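In what follows, subunit A forms one complex with subunit B and a second complex with subunit C.
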Partner chain A sequence: MALQKEYLYYPGCSLHSSATAYDDSSRAVLSALGSKVVEIDDWNCCGATAYMAIKEMTAFTISARNLAIAEKKGDHVVAPCSGCYVGLSKANNYIKEFPEVQKKVNTALAEGGLSYNGTVHVRHVMDLFVHDLGADELKKFIKKPLKDLKVGCYYGCQIVRPKNEIDSPEYPTTMEKLMEACGATPIDFVMKAFCCGGAILGTEEAIGVRLIKNLMQSAKKNGAEILVTPCPLCQMNLDAYQRRAAKKYGMKFDIPVLYFTQLIGLAMGIAPKKLGIGKEIVSAKSVLKQFL
Partner chain B sequence: MRKQPDIQREGHMDLGFVDEVAAIPGGEKIVDCIQCGTCSGSCPTSFLMEDSPRSLIYKVRAGLKKEVLQSPDIWLCTSCYLCYVRCPKNIKVTDIMYALKRLSCKDSPIQRKGYHLAKSFMKVVNKYGRNQETELLLRFFLRANPIGLIRNAFIGLNLFIRGRMPIFPNKIKQRKQFRAIVARAETLSN
Partner chain C sequence: MSPKIGVYICHCGTNIAGKVAIDEVVEFAKKLPNVVMVRDYKFMCSEPGQNLIKDDIKKEKLDRVVVASCSPLMHEKTFRTACETAGLNKYLLHMANIREHCSWVTEENASATEKAKALLRGAVAKAALLEPLEKKEVKIHPHVMVIGGGIAGIQAALDIADSGRKVYLVEKEPSIGGHMSQFDKTFPTLDCAACILTPKMVQVGQHPNIELLSYSEVEKLDGYVGNFKATVRMKSRYVNEEKCTGCGDCWNKCPAWRVEKPKGDKKVVHDALTLGPPKAIYMPTLQAIPAVPVIDKESCIYFKNGKCQICVKSCPTGAVDHKMVDVVREIEVGSIIVATGYKLFDVTKMPQYGYGRYPNVLTGLEFEHLNCASGPTGGAVLMENGQPPKSIAILHCIGSRDKNYHEYCSRVCCMYALKFAHLVKEKTGAEVYDFYIDMRSFGKGFEEFYNRLLEEGVRFIRGKAAQISNEAIYPEEEGKLIVRCDDTLLGRVRRVPVDMVVLCSAIEATGDSQDMSRLLGLCHSKDGFFAEKHPKLAPVSTATDGIFIAGCCQSPKDIPDTVAQASGAAAQAMMLAARGAIEVESATALIDEDRCTGCRICNDLCPYHAIDFIADDKLSKVNEALCKGCGTCVAACPCSAIAARQFNDAQVLAEIEGVLQ
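Right, the complex of A and B next:
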């Protein structure tokens, strides 16, 4: 198995603001693995969760604008953000499944001189590691194994659900294999694909904080020293609200949360700075000190 | 005195409501619901709901339009899709929750915080073509949750220091074309 020479890349809005570390580490790791990343020209919002809650057809259409632009250049679009992955692939699947959706989307796209034929394959960056590269191949690139590091793999929701080609929707295990390939010791915890609350932390904080408490408690009980995730919103929520959750429920959490690409990059011997390590709120310095 | 049961008469029901909800792509499956409650048991936020997803589906089918669209519970759906993948009748429960959110924007006079967040998000995206997290949060918190702005100021500062909260918006180049597409799409909504 091997990565393709080139992938069309859809970073998404978060990777240009709060999750630059994910953008930097994804690009650095893919390029070190010999793959070229080509950003989609003038991409727009994927029509994520919040847009979908107000206008469905418009959300599908703006998602399809990206796919239409990508279609001219290639057929595999890679999105590192789980929200974008679901937004783009949901629009893509609906366009393929329901001809009336495709017709409406194309009518609207025609207004901007675009059309989409439904030939693009939307993929998550984790999917590339799992299906194109494979954990065994990844092992060959590891220069600084993360020996004895106990990693909790937190998937969140939107990478494994609703439809995906990556892993089980309820009990995924692929990220653990990648972490094992990096020399780390993945720990198992039951809440690994349970919701972190998503945008609810802005609207109903008490509910979100309770969900975070449940997650962190489960990870801590099973011995996680560090968590890795493939989703910018999960990273943000767990990183920024774990101390608030700990305070509210009289517990203590001090578990840094990184993107899985950051740990892979570190194990491959890429400089921590290039991977955006240090941008997390709960610092990973002490846990990672022997590898930095 | 015994409490009078809350009886809804057929005249109070809007029997066309289920069709409005079922109008989403693949939405017709809602009539297959067997009320097993797998969705509610799977839902991470149902412990706080008065009307869990199962109950909402029941009420949609019973035509209790006003009650459903005014329920704060539809805005507690975090879109985690656990109900969706577990439903034994393959009902796209999460998509139904989205449909209820959209219908409540149209028909309900009560606007919940979730609505304001979604609306602010849409405004920012329509303006720049992309989401600008800083502006989105300011718009939303000032409009619907000013206390949240104060509570989260420290987190905002922490993100800012680490270069994770840019001040200048990230815009697309072809904003005119983008807006033309959006405007046309809005005329085609179902």
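Right, the complex of A and C next:
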């Protein structure tokens, strides 16, 4: 197994704003592994889950515009954000499966001088590590193993649901294999595919905070020193709300939440600054001190 | 001399006459070439209908008969017999299917009538070219082979042996008994499995008409109905069956462990199938038949480094022999009963239930073993730490009724779950939570058993459990396994903390069922279960004449159904044997030796393995007893060297021309 020489790259809004650490680390790691990352031109919003729930056909069209632009340059487009990944994949699958959807979408795209033939494969950055590279191959690139670091792998809901080829929707285990390859010790984190609250933290904070409390409590009980995730929204929720949850429920949480690409980069010997380490709210400095 | 064809048009009540204008077809038929007689009748298959045909054959000296009625599958045999009794070769009959292919599937009456005419014209054109064929019979070898020594195979073997015929019972494991020998109680009567099974196993071992080939597998099957030749490999046990007395000195002294040696405290949860002493030389169960141990080559010290031989030294009769080799036998039989059983769904495919991560999550078969008097705890229900549980969750439908794994209902799980619930209540008094989707207690005495359990205070929760974890959120959950479930009666998500969980895993087809179907020429469903010839009216027969199926290799079923089906299969095999001979299809394929180049393309294509390559002549030859006349080889032969009797080129082309005219 090996990574491809070049991947098209769709960062989405979060990787250019709240999740620049994910953007930096994904680019740095892929480039160190010998893959060129080419950001697609003039990309637009993926429509996120909100748009998909209200106006499906419009959401398909919004995603299809990005796919149409990508199609001109290549066939594998990587979306590191789980939300973007699900949105683009869903649109892509519907367009490929239902000719009438493709027809409608292309009528709209024609207004902008574009058309989409359905030849693009939408990939998540974790999917590249699992299916293109593989944990065994990754091991060969590890220079500074994260010895004795107890990592909780938190997948969130979107990357494994609905059922796809990345991992089991009920009890995924691939990120653990990647962390083992980096020399870290994954903990048995039962709630790894449970909801982080998602967008509900903006509207029903009490419910969202309770969900964060359950997750953090489980991570702490199972001995996690640090959490890793492949999703910008999960990272933000867990990172930003864990102290509020601790205060509300009379507990104490102090577990940094990073992107899995940041820890892989660190184990590969890439400089922490290039990986965006330090941008997190709950600082990872003391936990990672011997590896920085 | 031109042929004299009689045409008989059936109304089939209103099935045909309701759509097809019979009078019009009769007039049409009268004008067809070679037709000397046309009749129509309400039910041509009835006795008066058949008599019309018989009388005409005799009086009008008909030499071809065309019946326009239903599918030949339905009544070809009926009309062939009618022709034969009137003295006409039965292969001079041809049928036009104007029911299934016409009246039932055509909307307009006018077009149905036109189609009936076209089909009839084709049939008459072909009939003119039919040739008489000779009747063929093959002798039936009186012996029967049963493959699989579980309860199905045991029952079938005993039934046949009791009728006075010889049976070879081939079992791939070291002992017969199958899954049933691992059960404790059986539902719904709660009689002990061993008490009802062991006597039958002993009977098999002692029956003069049964030759038990344990630890053996069928490697190859040649031949055809009545004359099968099976190649059976008898794997070497490294213990001489004749000399061994089953005393147990060898396994008691054996220093090598076949499974992980238990450490320190009482470890109650063993590998489910590790019954009996878990040493390198072992007897599968204390009730094993034959009562002869076997050496596991993987863990035996002698096979690793040539040393040890403690078993050889300890054996009082000198039965242990590490140099024993496999024996391959060829066995001739007239029919075969396949009763190869099932395997259990691998619950590790559903990691959300924590099997393998939490020691107190058990599969149904492990829990069965735990309950069994000869199990590791002597039948006591204990957790891994040796303590009795205060609460148990029983989860239905693990791997069954689930589109991600098996869509079918596994049929026995609801009832064995109820049995477990009862045993737990009886032995420990623990709280039992039973998570079901639908309670399927359909059999004799099953619903009554369910009602009894309701009264015993088992808590039934309608909803499939979603996850088992040790993730306590509330204080009462500390140290427990928490079952998360959507309670569909309450309409709420629930968390139920328990001490122990039993996963009622589904029955699935054995891993080698595809190899078996290739070996024996059987069909199987997409789930891997062997396909019966007809789901309702031929449930134990298969597409291959002379091979019958019984038990869970056909579909999931409980013990009573398995035993009934096994007796059914035995009756079929005995029927064949009692007849002594059987008529086989005469309309077979024929290879023209002058044209055959010996390319062998047809050999592998034949679904019935009916074409052999004769190396000396460099030619392929059709075994007429096996050939069903399907025509696959005829179409595939690049040299047009193969003709199908009754479907030769001239006949088929005449029929096509007749239809299209």
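Going forward, the second predicted complex is superposed on the first by the 291 of 292 C-alpha atoms of A that agree within 3 Å, B and C clash if a C-alpha of one lies under 4 Å from a C-alpha of the other, contacts with A are read in each partner's own complex, and residues count from 1 in each chain.
Going forward, a contact is a pair of C-beta atoms (placed from the backbone, for glycine too) under 8 Å apart; a residue touches a chain by one contact, two chains touch by 3 or more.
In this text the structure is predicted, and so the values were computed from the model without any measurement.
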(Q) So in the superposed three-chain picture, is A:S218 touching just subunit B, just subunit C, both, or none of them (first/second/both/neither)? (A) second
(Q) Which partner chains sit in contact with A:D188 here, subunit B, subunit C, both or neither? Use first/second/both/neither. (A) second
Q.
Taking the superposition on A as described, I'd like to know which of subunit B and subunit C A:T173 touches: first, second, both or neither.
A. second
Q. Among the partners subunit B and subunit C, which is in contact with a greater number of residues of subunit A?
A. B
Q.
Can you give me the overlap between the subunit B contact set and the subunit C contact set on subunit A?
A. 170
Q. Where on subunit C is subunit A touching in the complex?
A. 350-352, 357, 404, 467, 469-473
Q. So in the complex, which bits of subunit A are touching subunit C?
A. 163, 168, 170-171, 173, 188, 190-191, 214, 217-218, 221
Q) Quick one: in the complex, what on subunit A touches subunit B? A) 13-14, 16-20, 42-45, 48-58, 60-62, 65, 94, 97-98, 100-101, 104-105, 107-114, 157-158, 161-162, 169-170, 194-195, 197-200, 202-205, 207, 211, 240-241, 278-281
(Q) For the complex, give me every residue of subunit B touching subunit A. (A) 24-26, 44-45, 48, 75-76, 78-82, 84-86, 92, 94, 98-99, 101-102, 105, 112-115, 117-119, 121-122, 125, 129-134, 137, 140-141, 144-145, 148, 151, 155, 158-159, 162-166, 170, 172-174, 177-178, 180-186, 188-190
